[in-house]
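Per-chain residue numbering starts at 1, and chain names A, B, C and D are given in the order in which the chains are listed.
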Amino acid sequence: MSEHAHPTVKSFFGIWITLLILTAITTAASFLELGPFNAVVALFIATCKASLVVLFFMEARYLPKITKMVIVTALFFLGLLLTLTMTDFMTRLMGR
Amino acid sequence: MAMASAAITQDEKPNYLNADYGIKSWLLTTDHKRIALLYLISITMFFFLGGFFAMLIRLELLTPAGDLVTSDTYNKLFTMHGIVMVFLFLIPAVPTVLGNFLVPMMIGAKDLAFPKLNLASWYVYILGGCWVLYAIITGGVDTGWTFYTPYSTTFSNTNVVAAAVGIFIAGFSSIFTGINFIVTIHRMRAPGLTWRRLPLFIWSNYATSVIMVLGTPVLAITLLLVAAERLFHLGIFNAQLGGDPLLFQHLFWFYSHPAVYIMILPGMGVISEVVTCFSRKRVFGYDFVALASICIAVLGFLVWAHHMFVAGISVYAAMVFSLLTFFVAIPSAVKVFNWIATMYQGSISFETPMLYAFGFIGLFTMGGMTGLFLGSLGIDVHVHDTYFVVAHFHYVMVGGMVMAYMCGLHFWWPKITGKMYPEGWAKLSALLTFVGFNLTFFPQFILGYMGMPRRYHAYPPEFQVLNVLSTAGASVLAVGYVLPMIYFVWSLRYGQDAGPNPWRAAGLEWMTSSPPPTSNFETTPVVTWEAYNYDEIDKQQEVPVAS
Amino acid sequence: MEQQKETATLGMWLFLVTEVMFFGGMFCAYLIYRMDYYTAWVAGSERMNIYLGTTNTAVLICSSLTMVLAVHFAKLGNRKATAIFLVLTILLGLGFLGIKGVEYHEHWVHHEFPGPNFHFDAPKPGAALQYSPKNVEIFFSLYFAMTGLHAIHMIIGVGLLTWLLVRNARGDFSAYYNSPIEMTGLYWHFVDVVWIYLFPLLYLIRHK
Amino acid sequence: MWSNLPLFPARASTLAGHVDALYFLLVAVTAFFTILIAALILIFAIRFRKTKHPVARQIHGSNALELTWTIIPLGISMIFFVWGAAIYFTETRPPKDSMEVYVVAKQWMWKFEHTEGQREIDELHVPEGRDVRLIMTSQDVIHSFFVPAFRVKADVLPGRYTSTWFHATKTGRYHLFCSQYCGTGHSSMVGTVVVMSPAAYQRWASSGTDGSLASTGEKYFQQYGCSTCHSSNTQGRGPNLVGIFGKPVLLDDGRRVIADESYIRESILNPEVKVVSGFKPIMPTFQGQINEEGLVALVAYIKALGNGMANPPMPVNNPEKAPYPVPPKPEASQATPSAK
């Protein structure tokens, strides 16, 4: 399994350069005044970078289905923790 | 079945107990069965330690005035009772003892996927337990097992850090066990053993493992932050800096509510095995019971804030969590009804495990139904943090989970040791547990609705009669727990040989000798039948009887 | 062998799930306080050394590259190349920790470590604080908790890499057996991913 | 016998009846299901015992039955949910024109401050037949205000106001418990709620006080320099606070909040979080400079400004003053827990 369609050394360097460029962009973007979009841009770039690392460096693309499900489950429950906690904090002031 | 009948006398047969001798062969073992026994011994010790604290609590509450111990001592007693029982007994008990022993055997594997990790999990558990013991010996902790901030972070003068670190460490033992079970169940099932042929005990342990893996780390980080706040003044929960005291509660209950399902789910698995065996029947609605386990595991993560209805959370969040709480009650109800339906048209016998199972179903029903009181917002406001809550969760954890644990221990004792326990004494202890339990905890429902707050060292005199009743019940309960301890040890030497399958039970674990050989099976079994094929087993048994 | 590797990979990913939830608790705290105390958050974030932070991000990304190459050559059975890249990864990891140490030192000197010595003034003397310095202290508490735990993960990672280096030198690994290297690689990349989020959340809230 | 062994709490508020009614329904349903299940176990165990029924008849299951016992419990529990939520909604929404009492909890006592100026410790006097709203905060750890006879409970948090209300219906003395574990003296953090007839309460309330809570607040308002910016006739740096209480406020980010007790408290301690539209975020924070009782008095004062029960703040005619008021040193009582 690990023999076929395996990323090459060249592709590793490609990902690496992309990650460095994205890092430079995200730092530069933080000096712009974008209001609430500063956070959006920063998190969007961070998610791009994280996806590149997970998909290519950690080879998540080549994992069996069950392991992929494990990753999705983790993200799902992390989302639950954040959103359900937020339901409390966001609505405390509502209608008081 | 050929294997079972061939192995009638197996005294000389090599098994996991006589495979090797000496303390080293136990402490360095990677055999899941030996590790299960290591866990059994350590967990029993912590159970009796926690029970000892409980006895002191009950004695103190005999009188309204706080006269037996000081209030500080009392606060430490209920804290340590909670910590020891929850983190060192209830959470690990069924998965690490019965689960460790049975998961590989039930799926026809030689061992768990990561045997060394399994051994490591026991050492981690012991290390965590030692930290907790250290916290107890050097003065105890008085925060309650819930460690609510800011009391635990800034106001308590006791050994909070040591206890928190102990629980943090013990948490890793859960995580390791969970990872091990999930991987094992996915990858090591015997040929032919499809998901829908798995025993329900496996399903419930799988669901439990999912909770362990997803929930425990959140508790770990929460307690670590509490410790860091005390040690390094990191002020994440510090109200004086503007920290929100509810943040801790959210994070804590994100784990600690699902942890209730960590405790009860494997117990439910035990009951499914026992009820089918002593009814000689397939389980009623296999798919639904299996699915209910997974539903409980997932829904269990969506309800945590029902511990916080009066804590100052938003009204709207409270309503969402209340609604979700009622949803999680449904799969539990489905399980109960399916067990009852399994008995219908069965051929029921009343061996000790079955008696415990009856007790479980009854007490768990009570525990579950009183959970609806607490999920219902209007009533929760009144009974929250009173003895009603105490009674409710003891019905679920002691009446439910400990009953199931005792049930499973009796059911698989012949498999684990190769010996039978004395049936008469066992039935007596089952009865004592049931009666003693109800006597202890039923009065607490009434106390709770009358408004006696929990964690009270002294209380108004009108609550005394019910408290005395409760203490009286606790002493009966204690006998019900000490008795099995004695006759189990007695049976090791004097018990009758059990044979491979004394209950004529289904399941791969019964198709090998008792105690099983180190590699569990002489040849890897190939499964061609559904779970709980009691009709086929009974037919095969009838042939020699008829001839 | 392939079977065993898949089993190990599944186990490792499950472990990483627990790590996600572990850091998730702190992200949850971060999110809530950031909503409540945004201006204090900005004030705290402006005390971060953004240049060292960016450099460190780059260092960690480089270490991920060397790690992935170490795994790559381990799978080819090239022990020498594996050793070289393991050493590079260790050095980059230590470099990260060193830079982090410099930053910690700066914060310490400026009384930005939470506790009795914590002290926080307005950026311009005489200007009124529109936020409570106490809320900034929460920011720094979270900063030290998050980066501190991340750093502990790095230290564990460096330890694991050193252990791999020794085993590699001993000749334990081959093209057929290399899963410890692969598993450590997964761990190392995960620690990198955590940093990829920590960096914008702590350093880049807003700059003028 | 029964007087020594009460099995049910006194019922002394309008809410108690509602809570009890739902409780009895739940008890009935629980009893029904517990008995049903116990009976089924018993009947099956006897009818299908091995000696009488040696061969089991295999049944795989029934989707119809599964559906039944999924939907029926779900339906029943939705009744509990809706009813319980309705009670909770009433519980968390104090009626308008409630009489107000401020509660400051600390290890291990309850302090009550009436708007008329009476202060009490561990004893709360309230009139029968009036809505009483409690605005509560804690000086140290989390406590919880619990009066079983009223079926009322709410946690009291440090750093925040929580509130609850009740409408007492029977005169008498009732238990007040702290129900959230709060340390050594948790079980002695108990008190009494004295429900008096309106006339008796009137007598009690008018006996010797040193000024209303709002007048204390007014003193603080001057002392901390609040009036420098927040006065009725400065075109000013801060919003005019007269009549603001209870009204919606437009914030500079477009949100709209109600100026309630929590908002006022937050604005004193964390002024930058919710800045009123049209004003600059220039107010300094007063965190750590005013204790909870001082805050309570300030809140009561600002509230009284709304209903004309207090003197409006006078502008300070001293342009020499620093652009921002320099708050006075925190009072001694703040740091010393012994101050009552």
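The definition used in the following text is that contacts are C-beta pairs under 8 Å (C-beta built on N, C-alpha and C of every residue); 3 or more make two chains touch, one makes a residue touch a chain.
This structure is a prediction, so every number in the text was calculated from the model and none was measured.
When the C-beta pairs in contact are tallied for A-B and for B-C, the bigger tally goes to B-C. In this assembly, the chain whose C-alpha centre lies farthest from chain A is D.
Each chain gets one centre point, the mean of its Cα atoms, and the points for chain B and chain D are 37 Å apart. Averaging C-alpha coordinates per chain places the centre of chain A 42 Å away from that of chain D.
Counting partner chains per residue, chain B has residues 186, 214, 218, 240, 242-244, 246, 250, 254, 315 touching two or more of them. Under the contact definition stated at the top, the residues of chain A that touch 2 or more other chains are 66, 73-74, 77, 81, 85, 89-90.
Annotation for chain C: residues touching 2 or more other chains are 6, 10, 14, 17, 20-21, 24-25, 28, 32, 36-37, 132, 134-135.
Residue ranges on chain C touching chain A, taken from their complex, read 2, 5-6, 9-10, 13-14, 16-17, 20-21, 24-25, 27-28, 31-32, 35-36, 50, 53-54, 57-58, 61-62, 64-65, 67-69, 72, 75, 185-186, 189-190, 192-193, 196-197, 199-201, 203-208.
Those residues of chain A that touch chain C in the shared complex are 1-2, 9, 12-13, 15-16, 19-20, 23-24, 26-27, 29-31, 33, 38-39, 42-43, 45-46, 49-50, 53-54, 57-58, 63-64, 66-67, 70-71, 73-75, 77-78, 81-82, 85-86, 89-90. Across the complex, chain C is touched by residues 269-273, 281-285, 287-288, 324 of chain D.
Put simply, chain C touches chain D in their complex at residues 36-40, 128-132, 134-135. Only residues 66, 73-74, 77, 80-81, 84-85, 87-92, 94-95 of chain A touch chain B when the two sit together in their complex.
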